[in-house]
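I have placed the structure first, in the form of structure tokens, so that the comments after it can refer back to it.
Chain IDs A, B, C, D, E and F follow the sequence of writing; residue 1 opens each chain.
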Amino acid sequence: MKLIIAIIKPFKLEEAKEALSQLGIQGMTVTEVKGFGRQKGHTEIYRGSEYTVDFLPKIKLEIVLPDDRVEATTAAIVRTAKTGKIGDGKVFIFHVEEAVRIRTEERGAQAV
Amino acid sequence: MKLIIAIIKPFKLEEAKEALSQLGIQGMTVTEVKGFGRQKGHTEIYRGSEYTVDFLPKIKLEIVLPDDRVEATTAAIVRTAKTGKIGDGKVFIFHVEEAVRIRTEERGAQAV
Amino acid sequence: MKLIIAIIKPFKLEEAKEALSQLGIQGMTVTEVKGFGRQKGHTEIYRGSEYTVDFLPKIKLEIVLPDDRVEATTAAIVRTAKTGKIGDGKVFIFHVEEAVRIRTEERGAQAV
Amino acid sequence: MRKILVLGCLLVAFGWLPVRLHAAVPPPAKMPQPTLDQRLADIEAYINNVPRATDGRAVSRIAGPGPAHNGWMMTCSALVLFMTLPGLALFYGGLVRRKNVLSVLAQCLGIAGVVTIFWWLCGYSLTFSHGSGLLGNLDFAFFSGVDAAPNADYSPWISQNVFCMYQLMFAIITPALIVGAIAERMRYPAVLLFVVLWMLVIYFPVAHMVWGVDGVLNGLENDHARIRALDFAGGIVVHMTSGWSALALCLLVGRRLGHGREQMPPHSMVLCMVGTGMLWVGWYGFNAGSALAADTIAANAFVATTLAAAVGCSTWGLMEYCTRGRLSVLGLCSGAVAGLATITPASGFVTPNAAVLIGLLAGVLPFLACNLLKARFGYDDALDTFGVHAVGGTLGVILTGLLASPKANANLAAARIQPLIGHTLWLHQLAAAAIVLVLSVVGTVLLAHLVHAILRGLRVSEEVETLGLDLAEHGEEGYIE
Amino acid sequence: MRKILVLGCLLVAFGWLPVRLHAAVPPPAKMPQPTLDQRLADIEAYINNVPRATDGRAVSRIAGPGPAHNGWMMTCSALVLFMTLPGLALFYGGLVRRKNVLSVLAQCLGIAGVVTIFWWLCGYSLTFSHGSGLLGNLDFAFFSGVDAAPNADYSPWISQNVFCMYQLMFAIITPALIVGAIAERMRYPAVLLFVVLWMLVIYFPVAHMVWGVDGVLNGLENDHARIRALDFAGGIVVHMTSGWSALALCLLVGRRLGHGREQMPPHSMVLCMVGTGMLWVGWYGFNAGSALAADTIAANAFVATTLAAAVGCSTWGLMEYCTRGRLSVLGLCSGAVAGLATITPASGFVTPNAAVLIGLLAGVLPFLACNLLKARFGYDDALDTFGVHAVGGTLGVILTGLLASPKANANLAAARIQPLIGHTLWLHQLAAAAIVLVLSVVGTVLLAHLVHAILRGLRVSEEVETLGLDLAEHGEEGYIE
Amino acid sequence: MRKILVLGCLLVAFGWLPVRLHAAVPPPAKMPQPTLDQRLADIEAYINNVPRATDGRAVSRIAGPGPAHNGWMMTCSALVLFMTLPGLALFYGGLVRRKNVLSVLAQCLGIAGVVTIFWWLCGYSLTFSHGSGLLGNLDFAFFSGVDAAPNADYSPWISQNVFCMYQLMFAIITPALIVGAIAERMRYPAVLLFVVLWMLVIYFPVAHMVWGVDGVLNGLENDHARIRALDFAGGIVVHMTSGWSALALCLLVGRRLGHGREQMPPHSMVLCMVGTGMLWVGWYGFNAGSALAADTIAANAFVATTLAAAVGCSTWGLMEYCTRGRLSVLGLCSGAVAGLATITPASGFVTPNAAVLIGLLAGVLPFLACNLLKARFGYDDALDTFGVHAVGGTLGVILTGLLASPKANANLAAARIQPLIGHTLWLHQLAAAAIVLVLSVVGTVLLAHLVHAILRGLRVSEEVETLGLDLAEHGEEGYIE
């Protein structure tokens, strides 16, 4: 099993979710995060004090899935999340040693 | 060392934390996340526009711990977080290459 | 490639970010989390009901980077995030199997 | 359930049809034109807020309301509504958990809606028309005959319909106070049905007994009152009825899931404090407005209200500081509200120095009730309606008996009440308080069972309670990131 | 763009210089001192809010404003401003997405600023000075001659400058209502420029026609009105103009990115409800204040307003409950506002029972407009300005025609309007409504094109819309964790 | 520390005991009954807000307060309290960081509490009783003799206790303004102790000097004033004292940890804007209420206040737009508040056109102070109390000297002040301003050192400052997810 972590732009979440659903992905976990990268933040001014906000709002998707679905899933995320502009985000892939579904105590690929 | 990531229902957090404390787990990190899975979200209506909220609030626990405590810990989480209803969540296990305690710069199992 | 996950105190974020920028780290992802550890929380009282807040606000940094930069980066985080007081946090290191930049579809070390 | 509602809806929809025609007023006995002196005296009466010199003697050239008093009372009516919408809604809304904030707001809005409708249907009439000493009749149903002319029973210089609106705002906030005790777990339809019945069975009768010109407990205006109680702005009528009913209801509804085990801190002390500020400001309409004129009694009530609120606020803070080494915003807010609730029945009857004393006690006793009593007995009065309003209100009613003084209010020099002042007045107060306490508790128990039977349950399911009432009962979330 | 502004800035800066001197008032014809009887009658006139007995007959000893009426109207002016700042700002601000909340607040504040300036420059004069039946002249420009003495055209007992301020508050909230339809996508400078032009081309003329003493649609006060329409507190002038313009503008500006596809729930129903409470409370200033005195008509309007709001609130809730099995805070808030908007033109002209009926219909028709009409036609009236204000306002204007009654307002017994009551008044109402509807829609279309041409676009870029207007247009965030 | 408090608590608790009995009023010299003409003239005097015709000549039949003026002043008192609770609390609370929001609210509530208590103990007396030109005596301590009868020194037609309450609300908001400069770092007990001392040493004396009928700086009412200054609603008394003290105190307390390095944006511009709206609305009570009657001067002040607020708001926005290409909600809010602070001393003395000019300057000078001065000198006036209130207030005081006109206020035609108008009045204003400025700064420095000595430190520890004052000092969090 693998874990895919994808950092994407917030307004692309719906689109990505739909694409993943169509691929038969049954579960994922979503976190609101702040990203720091090549894409530059904006400047805010409050009564004469200037602030640069380096961190931009991003969405982190975490999806655990069997090895054979990794490629298709990655491709789907990249396809839907791409705008071609800087800041589109990243996909990272990790090895998962074990998975358990709490409700049924199933393990491994069954669990995801 | 391993990293346990558990996705559980928010109102089970207290119970899980207690159980883990009793097992001697000294530290963990908790994140509010949104989950998408078999459990279906609810529908909201705002003046005629209907919205389906697919994402449900969940809690993510991250615990790094020595290999030999993984089983007991997983079991404790499963036990306390289980309601038997759909949406109870998952436990995933990863391999950790290194850990450092920032305060003391200790490394490895000492650090967690 | 490796993934560094660092849990630090919130008010150390700016300092850590600067240090990492100087090391040439181009990207990272930041999440607000709650930490449970040796550092104890505080007590709040609301009209006679006492609450202990065990979870303390922490910041989680996630940085994916080539293997050869791991040491320097870890050192920089430890240096800047250390106050010497309990609760300074941890650094954990994981193996990353693959990385993709969504915008360009570059893969591997190029992507980070 | 829904069918019943559709039916009810139709009933209400057509309820306005068979409206009583305005009762034909008997033609006034032919009266002479006023003399210059009488005309002048009428105007002076307006300025001094006393009955017209022409009353029964001549036709008044200024028979309608007096603009200063009317304007002030419209302002006060708006202020009292402001106390509920959004004042109390925020005060309570801030104190619940995030997932239930909208349920509190929906209860406040819903109560404002149905109470207004019942006030129009029959409530005003049952409360303020002549009837028995226990309840009015239906003469004013559908606001029949309630127009801009003054009703001399209550005030010579304000329009009866303004008086009616002013009293409506009290009728709205009183049941809304109860919401605090059963927050986060009672079903929305059950809340509204309970409130409607509670108004009919408890509020309208009690308000009539205490404030109705022929009420059995109206010591100030009714020569034939059995018990000569004083309640300037609602210590008995508002705070005791709601506070004691709240205790009974929260015992019947039961504790919140996880109460005593889980942490349930206020999700937004900021909202709570905003609500407190609005309550304080609006309370000037409540207390000073209860003079029913912009007169000297209103001025005195304004002072007493301010002092009690500020002293209550400081005292509660000090109690916290002395017992725990630090003082909380919730403490300051609670103290201010306790001060305001406690001074309410006394505000138009006591001197400033007495108000300071009342504020002081209001910072101590409700503090102890919320901190010790609740912990001791373990009832789940979620937002301390009992601790603040019942304890504060009852305390204020008794203190009124001890501290009322004709120096503060010349009406207390009237023969029907003067002999009691500084003497046995407090016993009358105690008796009235006891009667209303018993009525509130017993009535609430009966009504809660009735509502339980009709709607099959007062309380949401465990699942709903866990998920939060906002999503489950209203399909909405308070905040979306 | 910026250069234009610098220029404009200078113009405004020096605009106050060439101020017209107060027009030398013609010396009054030498008049006798008042008799005792006249002096008394003057005071009685003040209390009854009727013209002075001395008018044209003797020098009045109380020639200035009457304090009760003036005080009440200052209170009402503050209440109406409170409706916009922060009432409407919160009501709308809560309904948008988190990333656009400040843009709504900035629009409300900005409108308050520029409308006030234009009111001073020429707006008050164009609206309330004598002129043609369509528009006033510039006699009162720069508030020239607008001082604390009453302007007998509008009210014998309130200062003209208080009247001017009171009307200003209406002039502020009207364009602010439009903001609801084009929220989350229109450029800030375009909003302000549109509002300024809209005031000049639509609001000032319509307000003059309906409320100006010589206005062609002023059925109540103008013997020569072509169409004898009634609009007590702004069903035509406020809700119809803004509501219909809002529809036109939101069609021209286009739908929000992702509309119909993405979810755009209110980011804070809590703020929205707080705003609703403030609107309701402030609306007493709006409706009861429209009597321009603390008199019996104000008292009647107060009652009608309360009943319609509460019934509208309950009805909308009931509609939701019956159709969906649960009722939302947004529904209760919408119903209250719909009730208030619908009763507005009728509030001073109808009896309480008629107000209940109006509230009932206000809970039904706007409900259907927001739920069915919008879904059917797919226009993106983001916060339902059209559904609530245009539909409610138009409904109220027509119902006023059907339900107005001299029982509620003695002025309707005047010869110029009495024959129409209960007869063809509703046709006059319909005609006035139609004229204003067409004027609003056509005017808005033209002005929107003009603004588009001047500023090269009404709408923010896609990038800005995605990022949120707060950060992009104002460099701020509504909330920071 | 706590022991001191327990002691203080007891002292306060029993402070009410040794209350002075109401000083036996000397029996009035036997006076004749009024003639018809005198009775009429009394009523006319009430309507015109001038002294009674019977004063010293006959017994008045309307010797008490006049209801219109009294009602209006109670409304104004509530409005001015609303400015602090919750207006200013929200305005400031929104501007701090999330972790310190409750500390600001606690300070506002705490100040409301202790200032009220000290006002009752001695503050009102020290300010408004006769005494020397510098300070009153203790005749009115414990509100002795302060009842519903008017105090002719200040207003013939409002109750002295209403006047007393109205002035209390000013006494509450003034020190609360200081909180803005030392937000996020000063210890809670230090704030309260400082405020109490500051009231005694600075506020009560300055208010007496400027507004006391025998005050040395009271140009309007005191024939023997050394410096004939004008301050209608508190440019000197409120804004200059608080603003300049704020500057001194924030220098002494020092900058926030991380100031100039870390980002400290407002955690909720939404709250800040809500507070601004409430301030604006409440300010009508502040400025128009300062006429102490619902008279023509109040009407004029209402107009001036509106214009200056709107023009200040727009000008600040325009300055931002011209310098940075976009305008912020904080800018619009700051401009409105600056406009209001600047017009305060002038509001009852200037014409509408002068108010527009004042608003314009208020949008420019405080803008520069906040944007350039602060950056230049690097003091940490956290929420710009100095930049807005001291700069705006001082500017307004001087402009009053230049622009005051008997056209706007007939009282300026009085012999004691008329010769200065349009002549050397501005020098008197400058002198008064300078004296108060020096007094405020010097007094603050001394008191801050005193408080530092008593409580061993003004400032929280670094740890507390990092964690946030809400948790550390009050054991609460502003918001819980």
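Keep in mind that, in the parts below, a contact is a pair of C-beta atoms (placed from the backbone, for glycine too) under 8 Å apart; a residue touches a chain by one contact, two chains touch by 3 or more.
The structure presented is a predicted model; accordingly, all values stated were derived computationally and were not measured.
A.B. asks: Give the chains in contact with both subunit B and subunit D, ordered by label.
C.D. replies: C, E
A.B. asks: Looking at A-F, B-D or C-F, which pair matches B-E on over half of its contact pairs by residue number?
C.D. replies: A-F
A.B. asks: Between A-F and D-F, name the chain pair that shares the greater number of C-beta pairs in contact.
C.D. replies: D-F
A.B. asks: Compute the distance, rounded to whole Å, between the mean C-alpha positions of subunit C and subunit D.
C.D. replies: Going by mean C-alpha positions, subunit C sits 54 Å from subunit D.
A.B. asks: Could you give the separation in Å between the centres of subunit D and subunit E, each centre being the mean of its C-alpha atoms?
C.D. replies: Subunit D and subunit E have C-alpha centres separated by 33 Å.
A.B. asks: Using CA atom averages as chain centres, what separation in Å is found between subunit A and subunit E?
C.D. replies: 48
A.B. asks: Express in whole angstrom the distance between the two chain centres, defined as the mean CA positions of subunit A and subunit B.
C.D. replies: Whole-Å distance between the two chain centres: 18.
A.B. asks: Mind pulling the subunit C residues that touch 2 or more other chains?
C.D. replies: 31-32, 44-46, 94-95
A.B. asks: Multi-chain contacts only, two chains or more: what residues does subunit D have there?
C.D. replies: In subunit D, 36, 40, 43, 46, 66-68, 71, 75, 265-266, 324, 328, 330, 475-477, 481 touch at least two other chains.
A.B. asks: Let me make sure I understand the interfaces: which chain pairs count as touching?
C.D. replies: A-B, A-C, A-E, A-F, B-C, B-D, B-E, C-D, C-F, D-E, D-F, E-F
A.B. asks: Once bound in the complex, which stretches of subunit A touch subunit B?
C.D. replies: On the subunit A side, the touching residues are 3, 17, 26-31, 64, 94-103, 105, 111-112.
A.B. asks: Subunit B touches which residues of subunit C in the complex?
C.D. replies: Going through subunit C, the ones touching subunit B are 2, 6-8, 31-38, 54-55, 58, 60, 74, 77-78, 81-95.
A.B. asks: Along subunit D, where are the residues that touch subunit F in the complex?
C.D. replies: 36-37, 40-41, 43-44, 46-49, 66-69, 71-72, 75, 79, 97-98, 265-270, 273-274, 276-278, 280-281, 284-285, 288, 293-300, 302-303, 306-307, 310-311, 313-314, 317-318, 321-322, 324-330, 332-333, 336, 352-353, 356-357, 360
A.B. asks: Where on subunit F does subunit C make contact in their complex?
C.D. replies: 258, 262, 466, 471, 475-477
A.B. asks: Hey, which residues of subunit A end up touching subunit F in the complex?
C.D. replies: 44-49, 51-53
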